[in-house]
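Next up is a structure, given as structure tokens.
Labels A, B, C, D and E are assigned to the chains in the order they are written; within every chain, residues are numbered from 1.
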Amino acid sequence: MQFFQQLINGLSIGSIYALLALGYTMVYGIIGLINFAHGDIYMVGAMAGFYASKAYNLPFFPTLAIAMLASGALGVLIERVAYRPLRKSPRITLLISAIGVSLLLENGMRYIVGPSPKSFPELIPVHKYDLGLFQVTNIQLLTFGISILLVVLLQYIVFRTKMGKAMRAVSYDMEAAQLMGISVNKTISFTFFLGSILAGAAGIMVALSWTSIDPYMGMMPGLKAFVSAVLGGIGIIPGALIGGVFIGIAETLTKAYISTSLSDAIAFSILIIVLLVKPTGILGKVESEKV
Amino acid sequence: MLKIENLNVYYGVIHALKDISIEVQEGEIISLIGANGAGKSSTLRAISSLAEVKSGTITYKGEDITKKKAELIPSMGLVQVPEGRKIFANLTVFENLELGAFTRKDKENLKGDYEMVFQKFPILRERQKQKAGTLSGGEQQMLAIGRALMSRPSMLLLDEPSMGLAPLIVQKIFDTIVEINKSGTTILLVEQNANMALSISNRAYILETGKIVKSGDAKELMNDPAVKAAYLGE
Amino acid sequence: MLNVENVTMKFGGLSAVSQLTLDIGKNEVVGLIGPNGAGKTTVFNMLTGIYTPTEGEIKYNDKVINGIKPHKISSMGIARTFQNIRLFSSLTVGDNVRISHTNKTDYNLAEALLRLPRFFKAEAALDEKVHSLLALFNLYEKREEKARNLSYGEQRRLEIVRALATDPKLLLLDEPAAGMNPAETHDLMNLIGRLRDEFDVSILLIEHDMKLVMGICDRINVLNFGKKIASGNPYEIRNNEEVIKAYLGEKGGEGTAKNA
Amino acid sequence: ACGEKTAATPTTAPAVKEFTIGGIGPLTGGAATYGQSVKEGVELYVKEVNAKGGIDGKTVKVIFEDDQADGTNASNAFNKLVENDKVVGIVGAVTSGAALATGPKGTQSKIPMVSPSATEPTVTKVGGDYMFRVCFIDSYQGVALANYSVDTLKSTKAAVLYNVGSDYSKGIADAFKSNYESKGGKVAEFLTYNDGDKDFSAQLTKIAAAGVDVLVLPDYYTTVGLIAKQARNSGIDAQLLGGDGWESAELFTIGGAAVEGARFVTHYFSGDEAAVVANFVKQFEAEYKKAPDTFSALGYDAAKVLLSAIDAADSLDGAAIQAALLKTNVEAVTGTLTFDADRTAVKGAVIVEVEDGKLKLVDKVNP
Amino acid sequence: MDRIKKMPKKNLEMALKVVLIIVLYVVLISLRNAGMINRYYAGIINLSLINIILALSLNLITGFTGQLSLGHAGFMSIGAYGSAVLTAKFDIPFIPALIVGGILAAAISLLIGIPTLKLRGDYFAITTLGFGEIIRVVLVNINYVGGPRGFTGIPLETNFTLTFLVTVLVAMGIRNIIKSAPGRAMLSVRENEIAAEAMGVDTTKFKIQSFMIAAFIAGVGGALYAHYIGYLKPEVFSFTRSIEILTYAVLGGLGSITGSIFGAIFLTFLPELLRSVSDLRMIIYSTSLIVLMIFRPQGLMGSKELSLNIFRNSFKGLGRKKDDKDHIS
């Protein structure tokens, strides 16, 4: 019955990728930017949660809220300082600026808190439920639950609210959006805020499941999450969840049954193969450009 | 209602608008005529704050809007149908119309206005759920106008609204413009179809390489031999 | 030279073009008109390989060309302009035109790398061709300007020059006069006439400007809802009841056309 | 270009009251924690030396360069230290990759290099005559762990989970496996993960199913603490074993209860009575307000070895220092240090156990 | 008509450029022989040249052809490891090994290019990213080349003269490609693929061509690197390295050859100049990256080339900045 346990393992790491992937997808969907700093925003969220909960002995929910707010504010700030001035420049310029921000956050945090990992407090005591076929912890369930909840919430915001429509309009044509009276700045700030609070949430959930945090913790999961977002169909919110879970399970099963040392190579090969078959990701629609 | 004084616009070193002054009174239809590259679109873009103004002032309803943010202008009732349609291709036809009403506060009247747009352009009703990007060129133009109407503008800037439209529709668009105007919307119209434009306008300005070279009563301009030769193709 | 036989193009449930049959002979100027959304541009997209027809056959010089890649079709001598301008916007006007010559380049990558004499010879000849084409369309002065800095009307003309530079035998023009004023349209009309004679091309023209269409086309086909509702010479079309009802309007098109 | 002015400073002239040694290690990037620790150790020792009047009356200056654990960067750092700062010797490089890239250059320019922690077996061979190290090599620990498992713990079935991206981790893992098997044990699972991985549930699920009595985790405390926790959560109760990478006060904070009872091979026991050790720990805590980890100890020792050799050589000439280094016999924090023919430290190791969040000496391994 | 006037002018400019390059070479060599450039600076200069080669390679596929590559370190690693195996294990002379390294990289690029280059926009970028990571993981697992331990004992064959020569050849080669029909075809792919196809450009062919040339150059750069540093480790060729190469090209100005040159030199020297601030080094580095991008979004050079014309024009007071207006709208 190892197989079911491995499936749960995959699902659980997948929902963490998904949480992060959601933020990538939000930002990408609106301004077409691969926000390389996203993984680092999540690191800052985790750090903020860590210090806040340590200083004031906070329980889970307030810590989560602080982490989300801190990373949300950071996201807005980054957009304001490093991306907004480049809005009319080629997208690739933004990409480099994002890389700069990513390096700055990593190294700045290293400078402030030092490079060594910190042990994250056990804000929620781990409970394990034995369900016969497999075991699952309350943290895994919570992470998964939160990812699903956020997907639904984001879908609602983007497709049902006025702000969501503004976001989609801005994503297509900023100038035309202005002609509709939409504030491009506000809309983009809001998008970054949303994307970044998701990163904050992911930061805390990761810190809870993996229990240690450090200034460079955003790099690898950031990359994987980004790949998940693409795999699911970048810019498509449920795609982030599906992509994350897909990568998580593929990775875990590869480790369990094929090779632990080649698992990353295999995960990336799967990505490439999926893209060759479905060039816009699992949920992506192939929209032939009208000529 | 709208007053432009000594407007200058540059693109890098290109001096696109040179000391332009235009005035539009409430209730008028004013045409802006000129050859390709004369600066017609630049004028409209400057009014909507999409082009950077080097010097000069633009006043609308008594307020100086020269440096006002582009996104704040539509809520003053000053709305543009831009050159090249600029519809939101990734959104459905209906969502495009909804965005047209973005700044509207009177939600209760929206329904009637969708109906009004659908009546003017029945094809849009049929295509409500279609992605706007897959509409034909002419359909997109109708959507662009419909979208602007959804904001209930007090003044409408139209940049070549008849471009790419079938003759029947061109007629309809001009009829619509007149109709909109009659119901109280002031119009500033940029057109290559000078004949049609002049025939529905009160007054007109003629732009040549960034300068206003002539202006006056539309009917008089229509009979001006120079204008005829240059813009009416006779 | 071109025979379109019972061609249908479906997008999901929508038939943008259905059962269309169309012929173009050598040195003919044929008009394709119809209401907005009738499927005219879709026809162009099928002819140039951008879409593959759902049904039917397109024959060019008796060869079936459906499903062939656009660049191959272009090499066979079919060139087009785009209704929604698609220039190489950050390249110069000159390079926009030079690119159309890619297929006819008679030096290879190695010769270019090493700058062998053949390269210089070919480039000089190309320059000459590009310059004379640009001059013909009054764009010579703008040859070093980036395409995106041209005004709308200039960009339209550049679209035509660029298509011409592929040395087509069949030229597809999608609303070439859109955005031009009557005087400019008039010049364009003369130019298109000269193209047929001097460049020895057949032309299929989509245009809503009736003066242009009526003034230059040998034959006109009218589409409505993807179906051909009429074809004939300009006189026949102008007086066709169905066309008037669906497309021209009571004033016979002339009244609404900008050249009236 | 700038920086040329330092070239004017004479270094070997008799009047000099100061000389410089260099340090190379990762101060930024993912491996920064090791470089920072080493740097602290080195600076602490140099401070002590200077407080006692320096070496032969000359003040010692350290310039520690960042290499981001990357060969190219390390090579630039080396060139800069040698050409611009005119260092007489270098503590470093900290990581094996950087040491492999710089070692041959040291030998080429006759600049002795003492690595505190480059444990890859071939570092000194590739580096040549001027490359020394004060740590033991990876396989040494693997062998020690295998012997200890079979002989003392009477283990028969083991699992190894190591980092494929790390030569250190792989070196210990390979050595453990071959020795353990040659002694009759069975390595039931020999699994890997990648650098930077944080989730090990897939591997641990397999290990749990295999039912082993020891689980070897040859990696650094940053990762090991996580694995230990996740292992306990997956219901693995095997004896956890590891190497010197475990040694850090952080291990207990990261690993918590999960590392209780775990044992690992390391260079020294920080609770050791010996004066050098006690003094080092005291000084370090006074200076940096935290407990030292192994890398600080090794950095401290490397600096001590290098400066002692300079002292003994009574010269700032590279060849003389190298000769003196070969004769090293220093009472260092991590043991009494001498070099073998391969210029790798010959010293004993200890096996320690985590008990109540502290280390307890359980065994000594002789060289 | 003005072709007649232009031809000799072009030749003159060409000749001037060649002279300038030779002068630069002689000056650098003499400075080094005179000890003005010590081994430290010489090393950085050498690295800058290698980085220029990599940046130019990336610029060809990303700047000129418009296909974002996030896996360039992968091609570099193929050239590096491939050539190192030949020289270190089979005693093959360096120059042939260097070329084989490039060819290997090009061959692999063909293999992945054919299926993936039809992916649009960022999806292609992701597959290159994935490919780069796959190569790295595979290298870690090949014990023959040292696995995670790294590959030692690579002969130190790279010298300044060779790197300089290769850099000049690469820069001239790319320039010659860009200013020819195949190069213009690559540009048209970047500008508008649909229109390019309609104008008879076989976009797939030119994308693959560009990708292969870029991979070849990156492979050669990798081979030079391997024989400069003498030691290879898979993690050197991680995603971070790919990003670094991209940064050189973008900071210099995508679509500008001189831009790549300045970008690579600047970003190779910057971290070295920042050594004195040790701990703050990467903080300042990253901040300067952001600030530079904000103030010169088009890169140091935009898509312009530094040419002798600029000097000529500024003498005449005719320095019309054609490019600047592009960034207004």
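General remarks:
Please note the rule applied: contacts are C-beta pairs under 8 Å (C-beta built on N, C-alpha and C of every residue); 3 or more make two chains touch, one makes a residue touch a chain.
Source: prediction; values computed, not measured.
Taking the definition of touch as given, a chain qualifies here only if it contacts chain B and chain E alike; those chains are A, C. Ranked by how far their CA centres sit from the centre of chain C, the chains are topped by D. The chain with its Cα centre farthest from the Cα centre of chain B is D. Across the two candidate interfaces, A-B and B-C, the one carrying more C-beta contacts is B-C. Centre-to-centre, using mean CA coordinates, chain A is 36 Å away from chain D.
Centre-to-centre separation between chain B and chain D, using Cα means, comes to 74 Å. A straight line joining the Cα centres of chain C and chain E is 40 Å long.
Mean C-alpha position of chain A lies 47 Å from that of chain C.
Each of residues 11, 14, 134 in chain B touches at least two other chains. Across the assembly, chain A contributes 107, 261, 264, 291 as residues in contact with two or more other chains.
Residue numbers of chain C whose C-beta contacts span two or more other chains: 41, 50, 82, 84, 86, 149. Residues 28-30, 32-33, 36, 164, 191-194, 196-199, 201-203, 205-206, 209, 222, 225-226, 229, 233, 235, 248, 250, 253-254, 256 of chain D are the ones touching chain A in the complex.
Those residues of chain D that touch chain E in the shared complex are 1-2, 4, 7, 27-29, 64-66, 70-73, 75-77, 79-80, 82-84, 96-97, 100-101, 104, 120, 122, 126, 164-167, 170-171, 194-195.
Put simply, chain A touches chain E in their complex at residues 34, 36, 81-82, 85-86, 88-90, 92-93, 95-97, 99-104, 106-108, 111, 223, 227, 230, 234, 261-262, 264-265, 268-269, 271-272, 275-276, 279-281, 289, 291. Residues 11, 33-38, 41, 83-84, 149-154, 175, 178-186, 208, 210-211, 246-249, 251, 253, 255-260 of chain C are the ones that touch chain B when the two sit in their complex. By the touch criterion stated above, chain E contacts chain D in their complex at residues 36-41, 43-44, 47, 137, 140-141, 147-150, 152-153, 225, 229-236, 271-273, 275, 278-279, 281-282.
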